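The data blocks that follow each hold one structure.
Note that subunit A is present in both complexes that follow, paired respectively with subunit B and with subunit C.
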Partner chain A sequence: MLLFIVMTSTAILFIPGLTALTAKQNAWLVSLGAGISSFGVLIISTKLAQRFPGLTIAEYLPLIVGKIGGKVLAVSYFLFFTVLNILVVRETSEFLTVSALFGTPGIPINLVFVLICWYSAQKGIEVIVRMNQFILPLFVFAYLMACILAIPKADPSSLLPILEDGISPVMQNIWIPVQWYGEIAVLLMLIPLMNKPQEVLRKASYAVISAMLLLTFGSLTVLTVLGADVAGQMIFPIWFTAKTIEYGNYIQRVELLALPLWLTGIMVKSSLLFYVTILAARQSVGRKHPKLIAASVMVIVFSGASFLIPNTMALLEFLTTYWPSVSLLFEVVLPLLLLAITLIRKKKGGCRQ
Partner chain B sequence: MFDQLITRIRSKNIGKENPLLDERSQAGEHLSSAIGHNRQALQQIFEKCSDISFREFQLHSTKKIKAFIVYSDSLCKPEIINDAILKPIMLEVSARKKDLQTKTDPSMNIGLSTDTHLAINAGDIPDIILQHLLTNYKADTLSLISEAADAVLEDNLVLIIDGYPIGIKASVQGYNIRQINEPTTEPNIRGPRDGFVENIGTNLSLLRRRIRTSRLKAENMTVGTLSKTKVNICYIQGVANEKVVTEVKSRIEKITIDNVLDSSYIEEFISDEPISLFPLVQYTERPDKAAASLFEGRIAIIVDNSPSVLIVPCTFIALIQASEDYYYSALFGSFARIGRFMAINIALLVPAITVAAFSINQALIPISLLNTVAGARESLPLPISMEIFLMELVFELLREAGVRLPRTVGQAVSTVGGLVIGQAAVDAGIVSPTSVVVVGLTAIASFTFPDYNVGTSIRIIRFSLIIMASVFGIVGIIFGLMILLTHLCSLRSFGVPYLSPIAPLTPQDLKDTVIRVPWWAMFTRPRFFGGKEPLRSDANQLKQKLKKRRNKK
Partner chain C sequence: MTSKAKRYARIILLILSLLFLSGCWSRNEVEDLAMLTGGAIDYSFEKGQEKYEGQWLIISPPSSSNSDGGASSSKSTDLVYKGEGETFMESTTGLNKQLPRLQTSNHAIFIIYGENMAKEVTAKVTENFLRYPESRPNEWLFVTKGNAGLFIQAKPTLVSNLFKQIKKQQEIALRTGVSRGVTFLEFCQWLLSTDRDPVLPQIKWNDENQSDSLHIEGFGVFRSDKLIGWLDRDESTGYLFLTQDLKDGLMTFKFGYGSQMISYQVGASKHKIKAELVDGKPVFRISIQTVGTVPDNSNFQISAKSASQMETAAAESVRAKALKTISKAREYDTDFLGLMQYLHRHKPSAWKEVETDWRKAFREAEIEVEVQAKIVAEGTLSQSFDLKD
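Right, the complex of A and B next:
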């Protein structure tokens, strides 16, 4: 359930627009394909975690690649999670300045947002999970409501022609949404905290499947309602899709009612990322000053979100060109390599478990 | 930070503290067989206590055995002392003693002496009194001076006879107790009307009348070094979680305070979080509610001199459940529940949303309404956020005044408050009618909760939400609610997560949250309280009911 919200909350906002830009009317196929490929991430991370029961990735990295290399990799994972968190915060404030808070500078939003998420992260994983349980039904409800209410405006013909240029543009674009699905890699840190680590694979695959279906559905709605060209030019097409909803004078302004629920979803996600980042920092950098580390993580994320990226276009460029390869490296390539190393070692009988 | 402050203040004061007062300086001393000594000791203890009376008399007309009784005038009923204690003792001891001495032979004596724990041969005067004469249901012996003193203070009469190092106590309780009547804070339309009173015995009887099983346990404890307040911990064995019971006991044992005037003292001591916006211990004045909680596997704490019985563990949902929900039909009960949940949202959010909608997110208001409202707001001096904030403050003042004032004046206050401040302020162009409507709505909504505490905590949160809304609009409200949700999720009451059964989710227990299913379908107790016997009634009942319905079709 938690993974579900981790994947969907920000992906909902960005995927339709970013994929429509390049894949045009086949963008929904991209979300579908990315969902399937994210199973790879899931399987890799669970297999890896099963080799080292009770340890997070920051803890078992030194076991695999030796002390110094492991430390370096663990720190880089910590940086990866930090950047991921920065991106989430930044995405949110961008979304808010576009949607509900016109003209409000991003910095105060970032500050309050970061403070709140940091506060919930400090309360521990259990609290975050419970918050998630509380919010998830509302979140899904708001999302589905926005999509379903928009259906009468939908025009299926805008989906045609399917696969105009063959399958290659779809395949090329899959790696953009994969980064959101790939956020499932937080499992690398979380599996040891779970009650029944054996069931992770089964439960997480439910999450992946449902997230995949929901996102595909969302992309479909956006594409049919707005059309691929318009959707591609917009930053947050789902928001504008919700804006088009109007039934007489009764049901209108759905987007402002759905916004709170989306926002809560994102906040849970960010809290979880904060938790993971702080955990990774403690396990990789040091355990001596937990409060200091937590506070500095907060400061880093806040200043990163506020000052690293100058504007929305830069954010989008970063998200489409640089970040996918970086996240693929951390979410797929590195875990795969680690898994390979452990497997080979085990065959040789030199595993140090 | 608050915690740190408190600990700092405490640590500063620790050095200066005097040891807690304790009057039991003669704690270990036994009663002696010399009556003069005993009397002196007791008189010394009760020096300058004008309500403690001593009365000396002679038991045996011929042998002239001296004896005296000690009792408290203020706690005793004179008729009991006269008719049921002094009369039989003074008139019949001599006769009985002769009887016994002539009739019983030595062998019987041995048998008798092993029966009683007095270890003095039968035929003793205290024994005779206790076994045959004292027509009092709660008589017992005691051997320590401190015991005697305590007994006198606990509504007892103590009889001490010359030549015997023991005393006899008998309950002569006779002070006035408030009549059992309908609890004023939790009235209802259907269902039992009796309410708890200030006497612990009466309260326990109200519970016992509803739960006539030996498994209803009521463990005695005493809290308060000076007030010596009696505390009863009631639970149904097997239904309640044993771990929680022991936890409650250990937390109450740890309390060191000189007095306990109300159960709220205990509440603050045993609450999980030192400072929390929400009540982590529930209280009720309704015996039926307390009994229902016991059947759910919770624990009731009855405190003497307090009509509010504490119930732990407490969940947020439990604070929303009114006992009446269960007495109406399930349909209407659920309807009332849903209404109450909406009331929470209204009380919490409506002022904040109004502020957000009027100041930042105008998009929320339909065009037609926006026109009229904007027109009306043109000539007003204050921004909407200030306006609503001030009106809420005024309402808080009125509410506080309404509670404090005598009933006759209270009418006047509500008239002045409602009419003058409401209508006149609008007419004078100080506030807009919208904000009066909003404040009135939230005021009504905040009084719909069965638990008064929830209303107060929601009122506090409301103010901070208004501030958040005036800064960030709708987003600010969400920020505020997220903090609130984090707080709620992190709360635990005696190990039970505060938001159960919603988060963590236990789908089976949702049957008694937003809706209330009929009793035939409620065949399990709430799981999150952790009792061992989850089954409430036969699960087959449900199947049979459903089968019947199917057959009808």
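Right, the complex of A and C next:
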């Protein structure tokens, strides 16, 4: 459940627009394909974790590649999670400033958001999970409501022609949504915390499948309601799709009802990322000053989200050009390499319970 | 920190949170907003200087001193304000100088493009609207001959506000087959597509010397983002039949039967397009099926047999309008009928062949129209009047 919300909450805002720009009317196939390929990420990270039961990636990295290399990699993982969190916070404030709170500068939004998420991360994983249990149904409901109510405006023929230029544009674009699906790599840090680590593959597959179905459904709605040409122009096509909902003079302007529910979903995601980041920091940098580390993570994320990225254009450029390769490196390539090394050198470890 | 200090800190935090109760950062009370319900945009280019002129309707708030009791007063509550500027945004924000309230276009229902604007800067203004976070996809867009600004000052008939009139009137226009409303979203889709040209419904004065009430009839035709021509009433009807399935129609077609003119009232229609590529040229076969009644049969007894003859004659009159529209499309060299789009979507391999010069392909395309008109009723009488000598 937690993984599901991690994947869908921000992905639904960006994926339809980014993929429609290049894959046109076949963008829904892209999110479907990306979902399937993200099983690879899932399998790699669980296999890796199963070889080191009870340890997180920051802990078993030194076991695999030696002490110094392991430390370096662990710190880079910590940085990766931090940047990911910075992006999530920034995406949220961007979304809010163009949707509901125009006029509000991003900094207070970031501050409030970071404070809340950091606070819940401080309270531990169980708080985040319980919070998620409450929020997930609302999130799914809001999401489905936005999509289903927009369906009467949909024009299925705007999906035609399917695969106009063959399969290659779809394949080329799969790596854009894969970065969102690949956020399932937080599992690398989370598996040791589960009470039944053996079932993780099955449980996480449910999450991937349901996220894939929901995102594909969202993409389909966006494409049929807005059309690929318009959707490709927008930063947040799902928002514009929700705006088209209008039944007579009564049911209209419902998008603001869905907004807080989406927001809470993103909040869970950010809290989890905070938790993972702080955990990674503690395990890689040092265990001595947990409060200091936690506080500095918060400051880093807040200032990064507010000041590192000057404007929306830079955010989008970063998200489409640089970030995919970076995130694929950490989500797929590195775990795969590590898995290969452990398989070759037959390393195992961790505390068997 | 001692537990006492902690408790104080918590209380102070609680008190501080009261500060946020007053509302959000950029909150706006409804009383401080001026709701734009509709606008008209004109554009001129003189001596190297661009000028955008926007006239906007603002709904006037019911004042507390209104002794008539607000709702019962029948006079219009619209106010017209005007903004000018060298860019479009400047012209809209210029409006606010005159107002004690902050303008918001969240509730804009319609926007009228002036002729000059539609000819020169449609894409620019439309993109600007789409960028603007307050824009709604369901706004109705219109185009008009000459300046659009005057239309904003039209008096609403039968309803209290102009936006209500326009919102309803575009529905009626579709039913009577003279035009139809085009939403902002739809217009953007057409504008951005690679295979179809947009149209916008035309707004007109009820009579030539600019009386104070308006109606919606006809279409303005675009080629890419430039307004290049108009469809008259017949051609608009043809356009509707060629592009849409109609229901609840009230369209009347007159046709000669014998020595007399009879009218055929269409209630519903369906259309079907077949496209193929023959020798590198697209061939479109459009078949239209209509269902209607003959309420006005000039003292003429219709039998089952004569009904079928009438049907062919009625079909011919529908077909004539459709053909007129197609010849207009060829004349303007724009595919607002969506035929090439159909080819693109349903015959992608054929589209690949003509894609590079699809306008040429459309010019060369063979378009056949076939109409089947059905007469299902003749009103409430079974016998025509049989008058004495």
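We take it that the second predicted complex is superposed on the first by the 346 of 353 C-alpha atoms of A that agree within 3 Å, B and C clash if a C-alpha of one lies under 4 Å from a C-alpha of the other, contacts with A are read in each partner's own complex, and residues count from 1 in each chain.
To be clear about the criterion, contacts are C-beta pairs under 8 Å (C-beta built on N, C-alpha and C of every residue); 3 or more make two chains touch, one makes a residue touch a chain.
If you're wondering where the values come from, they're calculated on a predicted model, not measured in any experiment.
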Once the structures are superposed on A, label A:50 by its partner contacts, choosing first (subunit B), second (subunit C), both or neither. neither
In this superposition, the partner of subunit A with more touched residues, subunit B or subunit C, is B
Quiz item: Which partner does A:226 contact after superposing on A: first (subunit B), second (subunit C), both, neither?
Solution: second
Kindly classify A:119 by the partners it touches after superposition: subunit B alone (first), subunit C alone (second), both, or neither? first
Open item on the list: Looking at A:311 after the superposition, I want to know if it touches subunit B, subunit C, both of them or none. Which is it: first, second, both, neither?
Closed with: neither
### Query
So, A:325: does it touch subunit B (first), subunit C (second), both, or neither?
neither
Contacts for A:96 in the overlay, against subunit B (first) and subunit C (second): which applies, first, second, both or neither? first
(Q) Is A:263 touching anything from subunit B or subunit C once the two structures are fitted on A? First, second, both or neither. (A) first
### Query
Between subunit B (first) and subunit C (second), which, if any, makes contact with A:130: first, second, both or neither?
first
So the subunit A residues that subunit B and subunit C both touch are 101, 104
Per the touch rule, the subunit C residues reaching subunit A in their complex are 24-26, 130, 133-134, 136-138, 185, 188-189, 192-194, 344-346, 348, 351
In the complex, subunit A touches subunit B at residues 96, 100-101, 104, 109, 112-113, 116, 119-120, 123-124, 127-135, 249, 252-253, 256, 259-260, 263-264, 267, 271
Listed in rising order, subunit B residues that touch subunit A in their complex are 360-361, 363-364, 366, 472-479, 481-483, 485-486, 489-490, 497, 499, 502-505
Touching subunit C in the complex, subunit A uses residues 98-99, 101-105, 108, 157-158, 160-161, 164, 226-227, 229-230, 233-234, 240, 243-244, 246
